Every structure is written in structure tokens, then in C-alpha cells.
Amino acid sequence: MFAVEVSDHIMIAHSFRGAVFGPAQAVHGATFAVSVAFIAERLDRNGIVVDIGRAHEVLKQILGALNYRNLDDIPEFAGANTTTEFLTKHVFDRLGEAVRAGELGRDGGEIARIRVTIGESPVARAWYEAAVW
Amino acid sequence: MFAVEVSDHIMIAHSFRGAVFGPAQAVHGATFAVSVAFIAERLDRNGIVVDIGRAHEVLKQILGALNYRNLDDIPEFAGANTTTEFLTKHVFDRLGEAVRAGELGRDGGEIARIRVTIGESPVARAWYEAAVW
Amino acid sequence: MFAVEVSDHIMIAHSFRGAVFGPAQAVHGATFAVSVAFIAERLDRNGIVVDIGRAHEVLKQILGALNYRNLDDIPEFAGANTTTEFLTKHVFDRLGEAVRAGELGRDGGEIARIRVTIGESPVARAWYEAAVW
Amino acid sequence: MFAVEVSDHIMIAHSFRGAVFGPAQAVHGATFAVSVAFIAERLDRNGIVVDIGRAHEVLKQILGALNYRNLDDIPEFAGANTTTEFLTKHVFDRLGEAVRAGELGRDGGEIARIRVTIGESPVARAWYEAAVW
Amino acid sequence: MFAVEVSDHIMIAHSFRGAVFGPAQAVHGATFAVSVAFIAERLDRNGIVVDIGRAHEVLKQILGALNYRNLDDIPEFAGANTTTEFLTKHVFDRLGEAVRAGELGRDGGEIARIRVTIGESPVARAWYEAAVW
Amino acid sequence: MFAVEVSDHIMIAHSFRGAVFGPAQAVHGATFAVSVAFIAERLDRNGIVVDIGRAHEVLKQILGALNYRNLDDIPEFAGANTTTEFLTKHVFDRLGEAVRAGELGRDGGEIARIRVTIGESPVARAWYEAAVW
């Protein structure tokens, strides 16, 4: 399988509910380094997995809705803990929609899987990988 | 699949037996950058794969038995070459015991796989990944 | 000049006042990767600049007062924008006090300068360097 | 599965054909950071996946044919866009030949898979992974 | 002294003249990771060294004239070897003009020095630092 | 001032004497990531600070005397703690000799300063910088 991965980052605030989170129950924040990999069985006729320029744009658009925000204030996330792993799935879902809508510059059907990796600190990161279809 | 990965490091000495190791047959050493990923199908009700605080503690405890040691002197490793890949499996085995004993703050049965990655230098690393159960 | 530098990190929320900050005027956050370098003309009789273990502890203590906090709520910072560069000076000031109080395991008078570097994202960081005395 | 990964880099020029590449249709270049992972079910009797010294040498030899070259001038690549993902497959193919010829210091039949990862910039990379046999 | 540093990158082709360059006399290329630090004695009333958003924009504009180019074709560089260290000075000169023209969102006179660092590979980089005025 | 910096690494064992070192008094080890910067006022007529190829070779030769060794066994280091900061000075001294002997491919008199940086772990490093003459 081939993969192409592009990266960007956001700076957000949030808080968690649940004793397991200890001091992270207070409002704090994170710089999230976000990498998204598009995975396909074959390259297209241009020799690429996806148009890397569009991949950057689609990622920037998805992250733009979160960047410089307090995630506690985003209605879509009400009732959820916006943990790093939760956010990997959120970005995956938005990317899946973009792929299925053909926004990556290639027949979406040829993109098999997506992996989203989010680094929250020099010593912790999370990822989510699944099939697009 | 979701994954959460935490990282730590140790500084050890050791030597190898076997002509294949060339100059590394002498006593030398390494800073090992160790990352361990816990992999699960679903997040728990808190929205996490594992309690990241406990993950750091369990890893630190496992590595603590090796840190600042000459691995040639550790009875458990007698007769083995403590290569980077060998150590990925050693850390994996200890983590698997911790998961099965419920030490990661979640029903161990919900953690499917573990991947241990150890970097030995800017240009070499090893990993081991397998099912926990 | 010799230098020894140790690193740690914190995850905080904050907001800025001033049109220059654009969207960063809203409550957002950051993972700050903090490195502090102690600079001296000569090594001590042990062959070190400072006790690296104490350096990590002193840094952790200083950062502990900020970690998992909304910096907007810290009285000491009232009226200030807690920018990355502002925080380099804050950490420098606390470290300078520790050095002058002899907390680094060496006669503080032998430590000439301190440099504090804080990375806020993969593409932006700040530093502050000055004499301790 | 165990894996051992070694890394090297090359500095090349090339150009792409196809509107999808935008400004990259002009002659430009890249520093490619190349990592290759050898993946096996079991360690050999020395406790290794492959001889890491030979792995570095084989990789250097493969990359040597490309380093400091304009890839547009290499006959083998005529008619192809030498994209990062295309090159992951090229390196994979050469490594597969080396493994099957027993050049990695181990019975090639015991090496199951290879993954080649190429970073082209701080925010983009590609990889290819497949079975060797 | 305070510093704020922002980073970006470009992908270029070029060749060198002179036996000292060995194989790099042929047309090859590089991904240049470019970091530029603005250094000042004091923070401004907003608590910043420079407007980090403008710093990114000014850097992107300067690099945009080089990105995806064969530097051998740029008239301004005729007769020069566009080595990494040569380019640090080129970027420094352009940044100095921007600072003196007040494009960084602060009285340029308050910015004392600029340091430009360019990484060409995982094992080589260059920098240039000098006063702006 | 211009600088060109090249990097390499070594894997060594050693032990320290002195209560300040705690557990590091036992035989342990380190992967040392070593970067050396040559600093000059002006570029030479080729547009370089030093021949980067020679810089890599000279560094490799200096480090080769230490690589895969137990530093406790090296007579030159008898009675000294081979701390990271101690080793920065050792490498500096050897490099200074090479510069003064004209081994860097340029009139040594034009190289003003050298900085040696050694990373011992993801969270600790040391450096030494001084004039060559």
C-alpha cells in the first residue's frame, strides 16, 4: 500500500470531565501537530496518491474550524471529552467526507484508508486509522 | 483502530556476542528513546484509549529496571543479545502483563494490541507489535 | 563557554489583548516545549556545568505553577499578554532566583548566563538569554 | 512482527509533468529523508531482524545511484513522474531484490515485508509497504 | 535579548562550480528548512518581539521568489554558488530590508539583530547572524 | 557571522564518580548526537564556510576514536568524568587542531570559532563554544 501524509497544527483550549484526567479537568490547552495519511493500493496516472496541495488545503479547512478556539464552546463537541484520540476520529470523519466527495483530486473510490495522527506533546500522541468506505 | 502512544528514554550499557556485530561486540551503550502504543477498537466512556498518566507510570516502572544499568549484568538477559529489537519485545511483554492485570486504568480486555518502538540513534530504530491476548 | 540544557513541557490555555493578535485574542492554548540552558565559563570539579538532575527538578517546579492552567487566571500575570516571549522571561526570572539561591547544586556565582527557549508550534519559538547576576 | 528501520538521505533535482503539480512542473529539487524498515516474524539466533550495518550499506548503495542527480536524466525513470511516492516503490523494489539475493545477512526468506518511508519536507512524506515475496 | 523565530521551507534545484563540491557540481536539489529569528532588547507594549503573523508572511514572500525554482536560472545569483550559507545571507538581506521598511509590525529600529538558519539535510545546516542596522 | 554545522553520532559506555551523579555512577551508556559548527566572518571564494565533506570526515575521525567504546577504558580520559559537557570540549579541542592544521579545506585562520553541541537524550544536551585561535 502507498501512503501520502501531510501535516499541520492547531492551538486550542479545552477541559475534560472525569477523575481520570486529574489536573487536566481544568481549562488548559494544547498545540496539536496533526498528520493525515491517505492510503491507496495504486498510484494514479500522475504517479501520486493524492494531490498533495489539495490535501494540505482540505486539512487546513478542517482544522480551521478548531484553531484558536476553546473546544468546550463548540456545540458539536457538547458532552464529549475532546481528547487527542477523540480528535483523531473527528478529523478522520471530516477527511472521509472530503474523500468521498472527490475533493482530494482523485476518484475517492481509489483511496482505501486514512490515518490521522495527532501529537499533543513531545511524549504523547494518538492516531486513528480505518477504511474510508 | 485507535492508538495512544507515550514516550520515555533510558541510558544503558551492553555488549553483543557474534561476529555480525563488529565493533559493537565491545562494551558500549545507548540512549534508547522508547515509545509504547496501546491500540484499541473503541474509546472508553471517558473518550480515551488508556489513562495516559498511568501509561507513563507503567512505562517508567518497566524502564526503571533497565535505566543506568549494564544490561550484561541483568540475570534475566543472560545468554541473550540485548539488541534494540530484542528490547522492544521485552518491553512489550512487561506491558502486556500490565494490561492483562488491569494496571492501565481500563478493562485490559478492551486493549487489543501494543506496539513498542525503540530509537537507538538518529538513523536506526526497531519496533515490535502484536496482540495483547 | 559551556552550556547544559534540559527540557520539559506544559499545556496551558490563555488569550491575548490587542488587534495584532487576530484570532489569538480568543481563549486558545498551547503545548509549550521549554528548554533552559545554564551557561558557565568553566566546569566544576565533577566535570559538569550544573547537576542535571536538579536542573530538571527546578524546571519542573517552575513549570508546575503554570501547567494545566488558564494563564489568564494567574494573578501574577494580570495585565500582561502571556506570549511565548513573555514566558521565556518569566521562566528566566524564576531560574535566576534558583541559581542565586544555590539550588542548582553549584555555587551560583559560577553560572554566568541562562537561556530559555520555548517552542509553541512546529514553526514558531522564542528565547530569552541574559546574565544571571 | 519485529521491524528494524535504518535511515539515510539524498539531495536530488527533478520536474513533474501534469497540471496537478502546479509550480512543481518546473525543475526544482528535494532533500529526501529515506527510512527503510525490514519486517520479520522472528529474530534470528543473534537476536536481530537484519544486520543493521549491511542494511545501511545496501540502502546507501541504492540511494547512491540517485544522489546529487537530476532524476529527469535517469533513463530508468523516463516517462514517469519521480514523485515521493513513486520513489518509495523504487527503493522498495531494489531492497526486495537485495533481500531475495541474501544481501542483508540473513536468509531472505525470513524477511516478510519492507516499508520505505520518504520525507520530502517538514510537512509531507510518503511510504510504501508490501510483502517481499 | 529576546528572540522570536518562525520557520518555513522551500524545494529548489541548483548546481555548484568548484572542485571542492565534488558530485554537487551536477544539477541536484534540496529541501531547505528556513528559520528566521528576530532579536530585540525589549518586548513592545503588546508583549511581543514582532507580529508573528507578519513574520511568517514576510518570510513566505521572500522564499516564494525561490521556491520550486532552479536557482541557476535566477539572474540575481549569476556567478555565485547558491550554497546553504550563501542563502542564509540572501534571506538575511531581504529580511533586513523588510525590518528597516517597518514591515514586521513594529518600529524597525527596535529590532537589533536577525539570525537566519537553513537546514539542508538531517546532518547539515548553516546560519548567518548580524545586526540589522 | 556565518556558520556551517554538520552532525554525526556515537554509542558509548561510561560511568561517573561523585555522589552528584546518583545512579549514573554505575556503568551505563549513551547515544551522543554530536553537531559541530564552524563559524567565520566571511565566506571563501567558493561561497562556503568550510568544505562540508571534509567537515563530516574530520568529525567522523574524531568520533571514531570514541565510538563503541567504554570511555572508562580510554587512558586520555583517566581521572576525568566523561560527562556530556566534558566531551563537547574534547571534540572542540580535536577540531581546533584540525582547523589550525588546515584540514578543513580552507585557510584555518579564517575560521574564527567552533561550537560543539552534544545531545544525550530527548531532554538534555550540552554545548561548548570558543575561539579557535
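The letters A, B, C, D, E and F name the chains in turn, as written, and every chain counts its residues from 1.
Keep in mind that, in the parts below, a residue touches a chain if its C-beta (ideal position, glycine included) is under 8 Å from a C-beta of that chain, and two chains touch if they have at least 3 such contacts.
Because the structure is a prediction, the values reported are computed rather than measured.
Asker: Taking each chain's centre as the mean of its C-alpha atoms, give the chain farthest from subunit D.
Answerer: C
Asker: Of the pairs A-B, A-C or A-D, which has an interface that repeats that of D-E (more than half of the contact pairs shared)?
Answerer: Duplicate interface of D-E: A-C.
Asker: List the interface residue numbers of subunit A and of subunit D, divide the shared ones by all numbers used, and answer same when the ratio is over half, different when under half.
Answerer: Here the answer is different, because the shared fraction of interface numbers falls below one half.
Asker: Once the Cα atoms of subunit A and subunit B are superposed, what angle does the rotation have, between 0 and 180 degrees and to the nearest 5?
Answerer: Subunit A sits rotated relative to subunit B by 120 degrees.
Asker: Averaging over Cα atoms per chain, report the distance between subunit E and subunit F in Å.
Answerer: Once rounded, the distance between the two centres reads 27 Å.
Asker: Nearest whole angstrom, what separates the Cα centre of subunit B from the Cα centre of subunit C?
Answerer: Using C-alpha averages as centres, the distance is 31 Å.
Asker: Could you check subunit D for residues that touch two or more other chains and list them?
Answerer: 7, 122-123
Asker: Flag every residue of subunit C that touches subunit A in the complex, lowest number first.
Answerer: Interface residues on the subunit C side: 7, 9, 11-14, 23-24, 26-33, 67-70, 120-123.
Asker: Subunit C touches which residues of subunit F in the complex?
Answerer: Going by the criterion above, the answer is residues 16, 18, 20-22, 80-86, 88-89, 122-130.
Asker: Okay, in this complex, where on subunit A does subunit D touch?
Answerer: Residues in contact with subunit D: 1-8, 43, 46-49, 51-53, 56, 105.
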